[in-house]
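In what follows, chain A forms one complex with chain B and a second complex with chain C.
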Partner chain A sequence: MDSKKIKQVMSIVFDVPLESITDDASTDTIPNWDSLRHLNLILALEEELGISIPNEEVGNLITYKLIELIVHECKK
Partner chain B sequence: MKKYNEIFVGDKETLSHIITKNDIDKFVDLTGDDNRLHVDEKFAEKTQFKKPVVHGMLGASFISTIIGTKLPGDGALWFSQSLEFLLPVRIGDKLTIKAEVIKKNDSERIIELKTEIYNQNRQIVTKGVAKVKVIETENKTAVSRKITAEVKTALIIGATGGIGNAVCLQLAQDGFNIIIHYNNNKAMAEDIKKKVESYKQKAVVVKADILQETEINEMVTTSYRSFKKIDVVVNCAASSIPNIKFQELLWSDYVQQLEVNIKSTIHIVQAVVPEMIKNGYGKIITIGSVSAEKPNSEWSHYITAKTALIGLTKSLAFELAPKGIRVNMVTPSLVNTELTMNIPEKVKLLAAAQTPLRRLALATDVAGVISFLASDKSDFLAGENIRVNGGQVMI
Partner chain C sequence: MEELKYTEILQRNKELAGTGNSQPYTIGILSNVIINSIKEILEYSCRTHHLEPNIEAGNYDNIVQDSTHYQQKDLVIVFYDVLNIIDQVSEYFEDIDEQKYISLRNKIFSEIDIILENLKNTPSVVFNSFSSACFAGINIQPSKSDQFVDEINTYLNTKKSNNVTIVNIDQLFIHIGLKRSIDYRFYHSSKAPYSFEFFKWYVLAIEPLILKNTGKLKKAIIFDCDNTLWKGIIGEDGIDAIDMSPTSKEGRIFHKVQQIAVYLSKRGVLVGICSKNNEQDVLEVFKNHKDMVLKEEHIVIKKINWVDKVDNIKSIASELNIGIDSLVFVDDSSFEINLIKEQIPEVHTIQVPAAIYEYPDLLLKSIRSQFSLVINSDDARKTEMYKQQYQREESKKSFTSIEDYLALLGIELTVFCNNKEHIPRISQLTQKTNQFNLTTHRYTESQIEAFLSEGNNNIYSMSVKDKYGDNGLTGVCIVKEEGINPKKVIIDTLLMSCRIIGRNIEIAYVDFIINDLTRKGYEVLTAEYIPTKKNEQVADFYEKMGLHLIHHSKEIKQYELKISEYEKNKIEYIKVSSQ
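Then we have the complex of A and B:
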């Protein structure tokens, strides 16, 4: 469930088609992933998923797999 | 070509040459010296010489020939020459060029030669003294080739680990016989032996607790029963790396890492070095860690030991290199092996994402570099640390 939501958030924030957010999506594969959109991503994930992402993790959310893993940790 | 030690005071060589008009023409073409005394019969007739005189340096150039081709020959570096032109030389004269060693300077490997040129009437036309440095070509390449032709033997410590296993197979493919060391996993060691043998290489399995010096010595003795020599040693042994906050670390945690990385390496090297010194050749390869240069939390015990290993590797390299033993290090970043299986997935994902080549290291990546260090292609490396980290640390 989270996977789908995360991908939807990423698709909206980065303004790319949902199908382009694959499991291997990362800063390398999404050209729109700049620093401003990265901060928007954090805020959108927190709002959509009802979580609080710790400051020390903000810089680590650089691939879809890492986002999924960190979101999962934040929900514990 | 004569070697310096084969040249003695009193050694002599001679050569002869008849001067022709063609020689004069070529000399003029080459040097541009068309002084009419040398080339114009009418002009010469008006001088005291009456006939053209051969260029003095044309005759003297045969001194170069005798030095460059006979005494000492190839590699001669002729750096000084005194000359006195005593009599004119004419076209048609038969010159005999003589060189005789009159002095040797052993420290500089220089010989002095009395050089004299005679005409057909046994008159000295030119005389002088030459100084020549005797340059000898390196023959170390030939020695390396000879070693290459033999089948070498590699002792892989910790062969049943992820990196050790890959190193065994890579070196077997490279043509090494393999001594497969294990401590606990005999079945895996036997499996590696079969794979090594499938590459048509010989393999033996040896067991030893490398924290016990006596067992290391027994392992090396056993190895010498199977193979006459050990050319390469790779220490891939490692212990688990628990994440422990610094304030909770015990001295025993440090000791455990120091024993595996430092104590074992010291004893292994001490066990194999005497024979390597006798052979005048050996390669010792240690495995470092990227964490020594790019530290992370809760690994102080491991990082301390790996950093000490850098110092040990360099100090051994410095001391043993003059004896022909090359000690070098390979430093991988996080390798996906059994040793690192307890590292959290997030750490691995982050490491891969932050690596310019965007993945973790593979055991085969490390084995590939070890293959190079074990080969004679790296014979001029000593105390080197080759990083296999996908670009994580660039120095």
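Then we have the complex of A and C:
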């Protein structure tokens, strides 16, 4: 459930097709994933999923997998 | 819009792209903090009103310099945030010494002067008020930051010309709540203090101005009568039973609504009546009911009959000779409201809420977003008085040229050559810098270390400070010997952090470097510009510095110069020293 939502948010914020957000998606595979959009992504994920991502994690979340992991952690 | 999530706004904005007017509405945003998330929200707002926006955000913390490039925009928005002004002061602001306080305040004054001067011919400028809400907390004693903000706000208010609108940021904070407006996490990590929530309300706040500038504001408001201007139904209850008394529980709500209608009529809004009733009954109320605040003299057009309201509204528009999309219609009946929405959707409708106590506020909220109210002449005079008084008292010189302003800053550069301690920072700058970066070569620390140990390279690192603070190590230039010809060097890397762009520092920096290369006996200098998505602003930098373009393709521009031919620019107000 969350993974689908995360991918949707990423696709909208980065303005890329949903299919391009694969499980291996990262800042290397998505050219639009720059530092400014990264901030928007974090804020949008928080808004959509009703979570608060700890500040120290924000900079680390550079792959889809890591985001999924931290969202899971935040929801615990 | 306030109820939409950010991703919903992004999606809807994308759907609406290209549907507006063919003539774009150009907006420039100047800021000293990162405000990029506002872009799509503002675009969306414009597009819902059939405008096609073209929004450009200036460089980070480059308001004064960027204001010269944005004069031609239809609208310029200035986010000059106190957070980042106070952050640049090295000591704790509340404990700042008086001399430094005055000099900082005067610097802001002169920056305001230059910005206003540069934007004086721009049709519309939005300037945010300065706010100390982020620092103050709840404290009955005024703080230094409060005093600072008061002084610069007063200055801005007295100096601003008529094309400048000031957005009261404190009001927005009160409305949204400070905690929901500011995200300190991203302020500290990325200088991006504002939340989506803040930007949504900010855009809603400036929307009426954009509508006004583009002629999309409403001109007339048409009221139904029964249960809209008074409680009760005149045709059934009779004149004695309807209620708009300032002293009765529900009547007072309608009393206030009538006051609002009168207020509008005094400020250039056309007020009309459209009611299904016998005309005589309604006119009797207007003439003879003691509690009526709204009188016939305030009303420009009346349609009191049994014709359906769609036809009535259409004929009101044509009789007043205004577009049907210039009308606002207020009614309590969901039948009438839906009919209008369906048949003439261009009309903005307001339905009297079931929770009647919300009615005046709902009405006011709609009015603020739909109408531009002409301020009364007393207010206008008051502003003029303040302005004159200020001009009499003013003894301070206005700084209107960038050069004067830069001179005031007292910029000092320190250039280091081949300094091993700087390796980590040099590597980091090559990794992070995008905008002012001629070649965008990314180097690790060990690569930089290797360049240094080769012995025939010159790595110039530069730190920058001015009267107001120290920007630290913010410039890197790597010059390599070519190899075959030991008198020939190439600028492998030239970059500066965006924090220091726009102050002619780059010119003084290159002057210094070429001087040093001359001293070391080099004769020929070559250089390259490699275009990326982000470094367009330096595409012509070497041309400006007098280097000769010898090869130009899509991927690269190459330059050459006999070092003896270089003409120094001698930027006198920047002090350069070497270590």
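In this section, the second predicted complex is superposed on the first by the 76 of 76 C-alpha atoms of A that agree within 3 Å, B and C clash if a C-alpha of one lies under 4 Å from a C-alpha of the other, contacts with A are read in each partner's own complex, and residues count from 1 in each chain.
The rule is simple: a contact is a pair of C-beta atoms (placed from the backbone, for glycine too) under 8 Å apart; a residue touches a chain by one contact, two chains touch by 3 or more.
This is a predicted model, so every value here is computed, not measured.
Asks: Consider chain A as the common anchor and indicate whether chain B and chain C clash or fit when overlaid.
Replies: Once both complexes are aligned on chain A, chain B and chain C fit side by side.
Asks: In the superposed arrangement, which partner chain does A:I12 touch: chain B (first), chain C (second), both, or neither?
Replies: second
Asks: Now for A:S26: first (chain B), second (chain C), both, or neither, which partner does it touch?
Replies: After superposition on chain A, A:S26 lies in contact with chain B alone.
Asks: What is the contact status of A:T63 with respect to chain B (first) and chain C (second): first, second, both, or neither?
Replies: first
Asks: Name the contact category of A:S35: first (chain B only), second (chain C only), both, or neither.
Replies: second
Asks: State whether A:E73 touches chain B only (first), chain C only (second), both chains, or neither.
Replies: first
Asks: Using only C-alpha centres after the superposition, what angle do chain B and chain C make about chain A, to the nearest 10 degrees?
Replies: So the angle at the centre of chain A is 110 degrees.
Asks: Name the contact category of A:L43: first (chain B only), second (chain C only), both, or neither.
Replies: In the superposition, A:L43 contacts chain C only.
Asks: By residue count, is chain A touched more by chain B or by chain C?
Replies: C
Asks: Across all Cα pairs of chain B and chain C, what is the smallest distance in the superposition, given in whole Å?
Replies: Checking C-alpha atoms only, chain B sits 5 Å from chain C at its nearest point.
Asks: After overlaying the two complexes on chain A, where does the chain B footprint on chain A coincide with the chain C footprint?
Replies: Looking at chain A, the two contact sets are disjoint.
Asks: Touching residues of chain C toward chain A in the complex: what are they?
Replies: Touch residues, chain C against chain A: 5-7, 10-11, 14, 34, 36-37, 183, 185-186, 189-190, 192, 195-196.
Asks: Touching residues of chain A toward chain C in the complex: what are they?
Replies: 8-9, 12-13, 15, 35-36, 39-40, 42-44, 47-48, 55, 58-59
Asks: Using the touch rule from the top, collect the residues of chain A that touch chain B in their complex.
Replies: That would be residues 26-28, 60, 62-63, 65-66, 69-70, 73 of chain A.
Asks: Touching residues of chain B toward chain A in the complex: what are they?
Replies: The touching residues are 345-346, 349-350, 353-354, 358.
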